[in-house]
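Some notes on the structure that comes next.
When the chains are written out, they are named A, B and C in that same order, and each has its own residue count from 1.
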Amino acid sequence: PMPIYRCTIPQASVSDEHKEQIALEITRIHCEACPGTPQRFVHVVFEEVSPGNGFCGGQRSKASLVHGTIRGGRDQPVRSGIVTEISRTWSKITGQSEDDILALVIEVPAGNVVEGGAVMPEPGQEAAWLAEHSAS
Amino acid sequence: PMPIYRCTIPQASVSDEHKEQIALEITRIHCEACPGTPQRFVHVVFEEVSPGNGFCGGQRSKASLVHGTIRGGRDQPVRSGIVTEISRTWSKITGQSEDDILALVIEVPAGNVVEGGAVMPEPGQEAAWLAEHSAS
Amino acid sequence: PMPIYRCTIPQASVSDEHKEQIALEITRIHCEACPGTPQRFVHVVFEEVSPGNGFCGGQRSKASLVHGTIRGGRDQPVRSGIVTEISRTWSKITGQSEDDILALVIEVPAGNVVEGGAVMPEPGQEAAWLAEHSAS
(Lines give C-alpha, C1' and ligand atoms only; values in the text may rest on other atoms or scores of the structure.)
Protein backbone atom coordinates (compact mmCIF):
# COMPACT_ATOMS: atom_id res chain seq x y z
CA PRO A 1 0.00 0.00 0.00
CA MET A 2 0.66 3.63 -0.44
CA PRO A 3 3.57 5.01 -2.41
CA ILE A 4 3.03 8.33 -4.11
CA TYR A 5 5.36 9.41 -6.90
CA ARG A 6 4.99 13.06 -7.85
CA CYS A 7 6.63 13.99 -11.16
CA THR A 8 7.29 17.69 -11.66
CA ILE A 9 8.07 18.39 -15.32
CA PRO A 10 8.43 21.35 -17.68
CA GLN A 11 5.12 22.04 -19.43
CA ALA A 12 4.48 19.82 -22.47
CA SER A 13 7.86 18.08 -22.09
CA VAL A 14 6.29 14.61 -21.80
CA SER A 15 3.53 13.28 -24.07
CA ASP A 16 0.36 11.67 -22.74
CA GLU A 17 1.50 8.32 -24.07
CA HIS A 18 4.85 8.62 -22.32
CA LYS A 19 3.16 9.66 -19.08
CA GLU A 20 1.11 6.48 -19.20
CA GLN A 21 4.21 4.38 -19.86
CA ILE A 22 6.10 6.11 -17.05
CA ALA A 23 3.22 5.52 -14.64
CA LEU A 24 3.16 1.82 -15.52
CA GLU A 25 6.94 1.52 -15.20
CA ILE A 26 7.15 3.34 -11.86
CA THR A 27 4.38 1.05 -10.61
CA ARG A 28 6.30 -2.02 -11.82
CA ILE A 29 9.64 -0.82 -10.41
CA HIS A 30 8.13 -0.07 -7.02
CA CYS A 31 6.23 -3.36 -6.75
CA GLU A 32 9.24 -5.43 -7.79
CA ALA A 33 11.44 -3.64 -5.25
CA CYS A 34 8.81 -3.88 -2.50
CA PRO A 35 7.16 -7.32 -2.81
CA GLY A 36 3.70 -7.48 -1.32
CA THR A 37 2.63 -4.05 -2.53
CA PRO A 38 -0.39 -4.43 -4.82
CA GLN A 39 -0.10 -2.36 -8.00
CA ARG A 40 -3.39 -0.63 -7.32
CA PHE A 41 -1.82 1.15 -4.34
CA VAL A 42 0.87 2.91 -6.38
CA HIS A 43 -0.01 6.54 -7.13
CA VAL A 44 1.76 8.55 -9.82
CA VAL A 45 0.92 12.22 -10.37
CA PHE A 46 2.35 14.53 -13.03
CA GLU A 47 2.59 18.25 -12.41
CA GLU A 48 3.45 20.55 -15.31
CA VAL A 49 5.44 23.70 -14.61
CA SER A 50 5.12 26.65 -16.97
CA PRO A 51 8.34 28.29 -18.25
CA GLY A 52 8.39 31.23 -15.82
CA ASN A 53 7.87 28.95 -12.82
CA GLY A 54 10.73 26.43 -13.00
CA PHE A 55 14.38 27.29 -12.33
CA CYS A 56 17.62 25.39 -12.05
CA GLY A 57 20.71 27.29 -10.93
CA GLY A 58 18.63 30.45 -11.34
CA GLN A 59 18.05 29.68 -15.06
CA ARG A 60 15.01 28.26 -16.81
CA SER A 61 14.88 24.56 -15.93
CA LYS A 62 14.65 21.56 -18.25
CA ALA A 63 14.71 19.12 -15.34
CA SER A 64 12.20 16.40 -14.52
CA LEU A 65 11.86 15.87 -10.76
CA VAL A 66 10.42 12.63 -9.35
CA HIS A 67 9.56 12.88 -5.66
CA GLY A 68 8.46 9.57 -4.14
CA THR A 69 6.88 9.13 -0.72
CA ILE A 70 7.17 5.54 0.49
CA ARG A 71 6.73 3.67 3.76
CA GLY A 72 9.82 3.52 5.94
CA GLY A 73 11.57 0.22 6.62
CA ARG A 74 13.15 -0.59 3.26
CA ASP A 75 16.91 -1.18 3.18
CA GLN A 76 19.16 1.47 1.65
CA PRO A 77 19.99 -0.64 -1.46
CA VAL A 78 16.26 -1.01 -2.14
CA ARG A 79 15.74 2.74 -1.96
CA SER A 80 18.79 3.55 -4.09
CA GLY A 81 17.68 0.87 -6.54
CA ILE A 82 14.20 2.33 -6.96
CA VAL A 83 15.43 5.83 -7.79
CA THR A 84 18.22 4.55 -10.03
CA GLU A 85 15.84 2.46 -12.07
CA ILE A 86 13.21 5.21 -12.27
CA SER A 87 15.80 7.62 -13.67
CA ARG A 88 17.09 5.09 -16.22
CA THR A 89 13.61 4.05 -17.32
CA TRP A 90 12.37 7.64 -17.60
CA SER A 91 15.31 8.44 -19.85
CA LYS A 92 14.68 5.36 -21.99
CA ILE A 93 10.99 6.19 -22.47
CA THR A 94 11.31 9.91 -23.12
CA GLY A 95 14.74 10.19 -24.70
CA GLN A 96 15.68 12.84 -22.11
CA SER A 97 19.23 12.75 -20.77
CA GLU A 98 19.60 11.43 -17.23
CA ASP A 99 21.47 14.70 -16.55
CA ASP A 100 18.04 16.34 -16.56
CA ILE A 101 16.36 13.80 -14.27
CA LEU A 102 16.31 13.84 -10.47
CA ALA A 103 14.57 11.06 -8.56
CA LEU A 104 14.29 10.74 -4.78
CA VAL A 105 12.25 8.93 -2.16
CA ILE A 106 11.20 10.22 1.23
CA GLU A 107 10.23 7.68 3.87
CA VAL A 108 7.22 7.99 6.14
CA PRO A 109 6.43 5.66 9.05
CA ALA A 110 3.57 3.25 8.25
CA GLY A 111 1.74 4.51 11.36
CA ASN A 112 1.57 8.01 9.83
CA VAL A 113 -0.49 6.80 6.85
CA VAL A 114 -4.15 5.89 6.39
CA GLU A 115 -5.49 4.35 3.17
CA GLY A 116 -8.91 2.77 2.76
CA GLY A 117 -9.75 4.04 6.25
CA ALA A 118 -7.06 1.93 7.95
CA VAL A 119 -3.61 2.76 9.29
CA MET A 120 -0.94 1.20 7.02
CA PRO A 121 0.83 -2.04 7.95
CA GLU A 122 4.61 -2.17 8.36
CA PRO A 123 6.47 -3.45 5.27
CA GLY A 124 6.15 -7.27 5.12
CA GLN A 125 2.76 -7.33 6.88
CA GLU A 126 0.72 -6.37 3.82
CA ALA A 127 -0.94 -9.77 3.34
CA ALA A 128 -2.58 -9.80 6.77
CA TRP A 129 -3.53 -6.14 6.43
CA LEU A 130 -5.09 -6.66 3.00
CA ALA A 131 -7.06 -9.68 4.21
CA GLU A 132 -8.40 -7.74 7.16
CA HIS A 133 -9.01 -4.62 5.08
CA SER A 134 -10.96 -6.49 2.39
CA ALA A 135 -13.11 -8.16 5.03
CA SER A 136 -14.15 -4.87 6.62
CA PRO B 1 2.42 26.90 14.26
CA MET B 2 2.98 25.53 10.86
CA PRO B 3 1.26 22.47 9.54
CA ILE B 4 0.68 22.34 5.80
CA TYR B 5 -1.86 19.91 4.39
CA ARG B 6 -1.64 19.52 0.62
CA CYS B 7 -4.67 17.82 -0.95
CA THR B 8 -4.10 16.39 -4.43
CA ILE B 9 -7.43 15.59 -6.06
CA PRO B 10 -8.83 14.65 -9.47
CA GLN B 11 -9.95 17.78 -11.31
CA ALA B 12 -13.42 19.00 -10.33
CA SER B 13 -13.92 16.07 -7.94
CA VAL B 14 -14.53 18.33 -4.92
CA SER B 15 -16.82 21.38 -4.95
CA ASP B 16 -15.74 24.79 -3.66
CA GLU B 17 -18.12 24.43 -0.75
CA HIS B 18 -16.68 21.04 0.19
CA LYS B 19 -13.14 22.38 -0.10
CA GLU B 20 -14.00 25.06 2.42
CA GLN B 21 -15.57 22.52 4.77
CA ILE B 22 -12.56 20.20 4.41
CA ALA B 23 -10.17 23.09 5.14
CA LEU B 24 -12.12 23.96 8.29
CA GLU B 25 -12.27 20.33 9.42
CA ILE B 26 -8.57 19.63 8.82
CA THR B 27 -7.82 22.78 10.79
CA ARG B 28 -10.05 21.63 13.65
CA ILE B 29 -8.68 18.06 13.63
CA HIS B 30 -5.08 19.26 13.70
CA CYS B 31 -5.63 21.82 16.46
CA GLU B 32 -7.53 19.37 18.66
CA ALA B 33 -4.80 16.75 18.22
CA CYS B 34 -2.02 19.29 18.79
CA PRO B 35 -3.17 21.65 21.56
CA GLY B 36 -1.45 25.01 21.48
CA THR B 37 -1.46 25.33 17.71
CA PRO B 38 -3.48 28.42 16.77
CA GLN B 39 -5.92 27.81 13.91
CA ARG B 40 -4.43 30.62 11.86
CA PHE B 41 -1.22 28.63 11.45
CA VAL B 42 -2.89 25.68 9.70
CA HIS B 43 -2.43 25.77 5.94
CA VAL B 44 -4.57 23.70 3.56
CA VAL B 45 -3.90 23.73 -0.18
CA PHE B 46 -5.87 21.92 -2.89
CA GLU B 47 -4.18 20.87 -6.10
CA GLU B 48 -6.34 19.62 -8.97
CA VAL B 49 -4.93 16.98 -11.29
CA SER B 50 -6.25 16.71 -14.86
CA PRO B 51 -7.27 13.24 -16.12
CA GLY B 52 -4.10 12.50 -18.09
CA ASN B 53 -1.90 13.42 -15.12
CA GLY B 54 -3.08 11.17 -12.27
CA PHE B 55 -2.56 7.41 -12.15
CA CYS B 56 -3.17 4.64 -9.66
CA GLY B 57 -1.83 1.18 -10.47
CA GLY B 58 -1.09 2.56 -13.93
CA GLN B 59 -4.78 3.38 -14.50
CA ARG B 60 -6.57 6.72 -14.32
CA SER B 61 -6.85 7.63 -10.64
CA LYS B 62 -9.92 8.57 -8.63
CA ALA B 63 -7.89 8.95 -5.44
CA SER B 64 -7.67 11.95 -3.14
CA LEU B 65 -4.23 12.29 -1.55
CA VAL B 66 -3.73 14.35 1.63
CA HIS B 67 -0.06 15.02 2.38
CA GLY B 68 0.51 16.76 5.69
CA THR B 69 3.77 18.30 6.87
CA ILE B 70 3.80 18.75 10.64
CA ARG B 71 6.39 19.49 13.30
CA GLY B 72 8.14 16.46 14.76
CA GLY B 73 7.62 15.43 18.38
CA ARG B 74 4.05 14.15 18.38
CA ASP B 75 3.40 10.62 19.66
CA GLN B 76 2.54 7.91 17.14
CA PRO B 77 -1.12 7.65 18.29
CA VAL B 78 -1.53 11.39 17.69
CA ARG B 79 -0.17 11.08 14.15
CA SER B 80 -2.26 7.99 13.35
CA GLY B 81 -5.28 9.72 14.84
CA ILE B 82 -4.90 12.82 12.68
CA VAL B 83 -4.75 10.90 9.40
CA THR B 84 -7.54 8.51 10.44
CA GLU B 85 -9.86 11.36 11.28
CA ILE B 86 -8.99 13.33 8.15
CA SER B 87 -9.84 10.31 5.97
CA ARG B 88 -13.14 9.69 7.79
CA THR B 89 -14.15 13.35 7.72
CA TRP B 90 -13.21 13.79 4.05
CA SER B 91 -15.42 10.83 3.18
CA LYS B 92 -18.30 12.16 5.27
CA ILE B 93 -18.15 15.61 3.61
CA THR B 94 -17.71 14.51 -0.01
CA GLY B 95 -19.44 11.14 -0.06
CA GLN B 96 -16.29 9.57 -1.52
CA SER B 97 -15.38 6.09 -0.33
CA GLU B 98 -12.44 5.89 2.06
CA ASP B 99 -11.01 3.33 -0.38
CA ASP B 100 -10.18 6.33 -2.59
CA ILE B 101 -8.61 8.45 0.16
CA LEU B 102 -4.99 8.37 1.30
CA ALA B 103 -3.83 10.62 4.14
CA LEU B 104 -0.32 10.84 5.58
CA VAL B 105 1.83 13.15 7.68
CA ILE B 106 5.55 13.78 7.32
CA GLU B 107 7.38 15.21 10.32
CA VAL B 108 9.90 18.01 10.16
CA PRO B 109 12.05 19.18 13.08
CA ALA B 110 10.86 22.52 14.50
CA GLY B 111 14.35 23.95 13.93
CA ASN B 112 13.95 23.41 10.18
CA VAL B 113 10.97 25.76 9.98
CA VAL B 114 10.59 29.54 9.97
CA GLU B 115 7.23 31.27 10.12
CA GLY B 116 6.69 34.97 10.78
CA GLY B 117 10.47 35.39 10.53
CA ALA B 118 11.19 33.20 13.56
CA VAL B 119 12.37 29.61 13.90
CA MET B 120 9.49 27.40 15.14
CA PRO B 121 9.24 26.35 18.79
CA GLU B 122 9.22 22.68 19.77
CA PRO B 123 5.72 21.24 20.39
CA GLY B 124 4.47 22.40 23.80
CA GLN B 125 6.44 25.65 23.75
CA GLU B 126 4.04 27.54 21.50
CA ALA B 127 2.72 29.91 24.17
CA ALA B 128 6.11 31.41 24.96
CA TRP B 129 6.99 31.56 21.27
CA LEU B 130 3.74 33.28 20.37
CA ALA B 131 4.17 35.84 23.15
CA GLU B 132 7.68 36.64 22.03
CA HIS B 133 6.71 36.58 18.36
CA SER B 134 3.80 38.96 18.85
CA ALA B 135 5.98 41.36 20.79
CA SER B 136 8.62 41.58 18.07
CA PRO C 1 23.78 18.39 -5.75
CA MET C 2 20.06 18.23 -5.50
CA PRO C 3 18.05 20.59 -3.40
CA ILE C 4 14.52 21.29 -4.56
CA TYR C 5 12.70 24.34 -3.25
CA ARG C 6 8.97 24.32 -4.01
CA CYS C 7 7.27 27.69 -3.52
CA THR C 8 3.48 27.55 -3.16
CA ILE C 9 2.01 31.03 -3.59
CA PRO C 10 -1.37 32.70 -4.07
CA GLN C 11 -2.06 33.17 -7.76
CA ALA C 12 -0.45 36.28 -9.27
CA SER C 13 1.01 37.31 -5.90
CA VAL C 14 4.60 37.34 -7.18
CA SER C 15 5.71 38.90 -10.48
CA ASP C 16 7.86 37.06 -13.03
CA GLU C 17 10.75 39.37 -12.25
CA HIS C 18 10.47 38.69 -8.53
CA LYS C 19 10.27 34.94 -9.15
CA GLU C 20 13.54 35.13 -11.04
CA GLN C 21 15.16 37.14 -8.23
CA ILE C 22 13.84 34.72 -5.62
CA ALA C 23 15.17 31.72 -7.59
CA LEU C 24 18.61 33.34 -7.80
CA GLU C 25 18.60 34.25 -4.10
CA ILE C 26 17.46 30.80 -2.90
CA THR C 27 20.22 29.32 -5.08
CA ARG C 28 22.78 31.67 -3.55
CA ILE C 29 21.57 31.10 0.02
CA HIS C 30 21.64 27.33 -0.36
CA CYS C 31 25.09 27.23 -1.98
CA GLU C 32 26.63 29.56 0.61
CA ALA C 33 25.17 27.46 3.44
CA CYS C 34 26.19 24.18 1.81
CA PRO C 35 29.63 24.71 0.26
CA GLY C 36 30.41 22.31 -2.56
CA THR C 37 26.92 22.37 -4.04
CA PRO C 38 27.14 23.69 -7.61
CA GLN C 39 24.50 26.30 -8.41
CA ARG C 40 23.24 24.30 -11.38
CA PHE C 41 21.94 21.62 -9.01
CA VAL C 42 19.56 23.93 -7.15
CA HIS C 43 15.96 23.58 -8.33
CA VAL C 44 13.30 26.18 -7.56
CA VAL C 45 9.70 25.64 -8.63
CA PHE C 46 6.77 28.04 -8.18
CA GLU C 47 3.24 26.72 -7.86
CA GLU C 48 0.35 29.18 -8.02
CA VAL C 49 -2.78 28.44 -6.02
CA SER C 50 -6.09 29.89 -7.17
CA PRO C 51 -8.25 31.69 -4.55
CA GLY C 52 -10.64 28.81 -3.84
CA ASN C 53 -7.77 26.38 -3.34
CA GLY C 54 -5.64 27.95 -0.59
CA PHE C 55 -6.68 28.24 3.05
CA CYS C 56 -5.10 29.35 6.29
CA GLY C 57 -7.02 28.80 9.50
CA GLY C 58 -9.97 27.89 7.29
CA GLN C 59 -9.92 31.32 5.62
CA ARG C 60 -8.56 32.36 2.21
CA SER C 61 -4.78 32.32 2.48
CA LYS C 62 -2.29 35.04 1.64
CA ALA C 63 0.65 32.89 2.68
CA SER C 64 3.72 31.95 0.64
CA LEU C 65 5.01 28.48 1.52
CA VAL C 66 8.58 27.45 0.69
CA HIS C 67 9.14 23.70 1.04
CA GLY C 68 12.77 22.68 0.55
CA THR C 69 14.02 19.11 0.13
CA ILE C 70 17.73 18.86 0.91
CA ARG C 71 20.23 16.08 1.56
CA GLY C 72 20.53 15.01 5.18
CA GLY C 73 23.70 15.63 7.16
CA ARG C 74 23.68 19.40 7.63
CA ASP C 75 23.88 20.75 11.19
CA GLN C 76 20.77 22.26 12.76
CA PRO C 77 22.14 25.85 12.64
CA VAL C 78 22.74 25.45 8.90
CA ARG C 79 19.16 24.30 8.35
CA SER C 80 17.68 27.03 10.55
CA GLY C 81 19.90 29.55 8.82
CA ILE C 82 18.74 28.59 5.34
CA VAL C 83 15.04 28.97 6.12
CA THR C 84 15.58 32.15 8.13
CA GLU C 85 17.45 33.80 5.29
CA ILE C 86 14.97 32.60 2.65
CA SER C 87 12.10 34.15 4.60
CA ARG C 88 13.95 37.45 5.10
CA THR C 89 15.08 37.65 1.47
CA TRP C 90 11.63 36.77 0.10
CA SER C 91 10.13 39.57 2.15
CA LYS C 92 12.79 42.04 1.00
CA ILE C 93 12.24 41.20 -2.70
CA THR C 94 8.43 41.11 -2.71
CA GLY C 95 7.52 43.54 0.06
CA GLN C 96 5.37 40.84 1.68
CA SER C 97 5.39 40.65 5.46
CA GLU C 98 7.32 37.76 6.97
CA ASP C 99 4.08 36.99 8.85
CA ASP C 100 2.81 35.60 5.54
CA ILE C 101 5.91 33.53 4.76
CA LEU C 102 6.61 29.98 5.90
CA ALA C 103 9.87 28.28 4.93
CA LEU C 104 10.96 24.77 5.86
CA VAL C 105 13.43 22.13 4.79
CA ILE C 106 12.93 18.37 4.82
CA GLU C 107 16.02 16.18 4.80
CA VAL C 108 16.45 13.09 2.64
CA PRO C 109 19.38 10.66 2.88
CA ALA C 110 21.84 11.05 -0.01
CA GLY C 111 21.40 7.35 -0.82
CA ASN C 112 17.70 7.96 -1.57
CA VAL C 113 18.50 10.38 -4.41
CA VAL C 114 19.66 9.91 -8.00
CA GLU C 115 20.66 12.82 -10.23
CA GLY C 116 22.43 12.51 -13.56
CA GLY C 117 21.97 8.75 -13.29
CA ALA C 118 24.11 8.44 -10.15
CA VAL C 119 23.23 8.06 -6.47
CA MET C 120 24.03 11.29 -4.61
CA PRO C 121 27.21 11.65 -2.53
CA GLU C 122 27.05 12.43 1.18
CA PRO C 123 27.52 16.13 2.02
CA GLY C 124 31.24 16.97 1.80
CA GLN C 125 31.99 14.36 -0.88
CA GLU C 126 30.64 16.36 -3.79
CA ALA C 127 34.02 17.06 -5.42
CA ALA C 128 34.89 13.39 -5.92
CA TRP C 129 31.33 12.65 -7.05
CA LEU C 130 31.32 15.49 -9.56
CA ALA C 131 34.68 14.42 -10.97
CA GLU C 132 33.50 10.85 -11.42
CA HIS C 133 30.10 11.96 -12.70
CA SER C 134 31.60 14.28 -15.33
CA ALA C 135 33.94 11.53 -16.53
CA SER C 136 31.15 9.05 -17.12
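Everything that follows uses one rule, which is that a residue touches a chain if its C-beta (ideal position, glycine included) is under 8 Å from a C-beta of that chain, and two chains touch if they have at least 3 such contacts.
Since the structure is predicted, the reported quantities are computational estimates derived from the model, not experimental observations.
Asks: Work through the pairs of chains, note which ones touch, and then classify the graph as line, ring, star, complete or other.
Replies: It is complete, because no pair of chains fails to touch.
Asks: How many degrees of rotation bring the Cα atoms of subunit B onto the matching Cα atoms of subunit C, given to the nearest 5?
Replies: For the C-alpha superposition of subunit B onto subunit C, the angle is 120 degrees.
Asks: Indicate whether more than half of the residue numbers at the subunit A-subunit C interface occur in both copies; give same if so and different if not.
Replies: Different, since under half the interface numbering is common to both chains.
Asks: Rounded to the nearest whole Å, what is the centre-to-centre distance of subunit A and subunit C, using the mean of the C-alpha atoms as each centre?
Replies: Chain centroid spacing, subunit A to subunit C, equals 21 Å.
Asks: In subunit C, what residues contact two or more other chains?
Replies: Each of 47, 106 in subunit C touches at least two other chains.
Asks: Within the complex, which stretch of subunit A touches subunit B?
Replies: Per the touch definition, subunit A meets subunit B at residues 2, 4, 6, 16, 19-20, 23-24, 27, 38-48, 69, 106, 108-109, 111-117, 119.
Asks: Taking the complex as given, what residues does subunit A use to touch subunit C?
Replies: Residue list for subunit A touching subunit C: 8, 47, 49, 52-59, 61, 63, 65, 67, 76, 79-80, 83-84, 86-88, 91, 98-99, 101-107.
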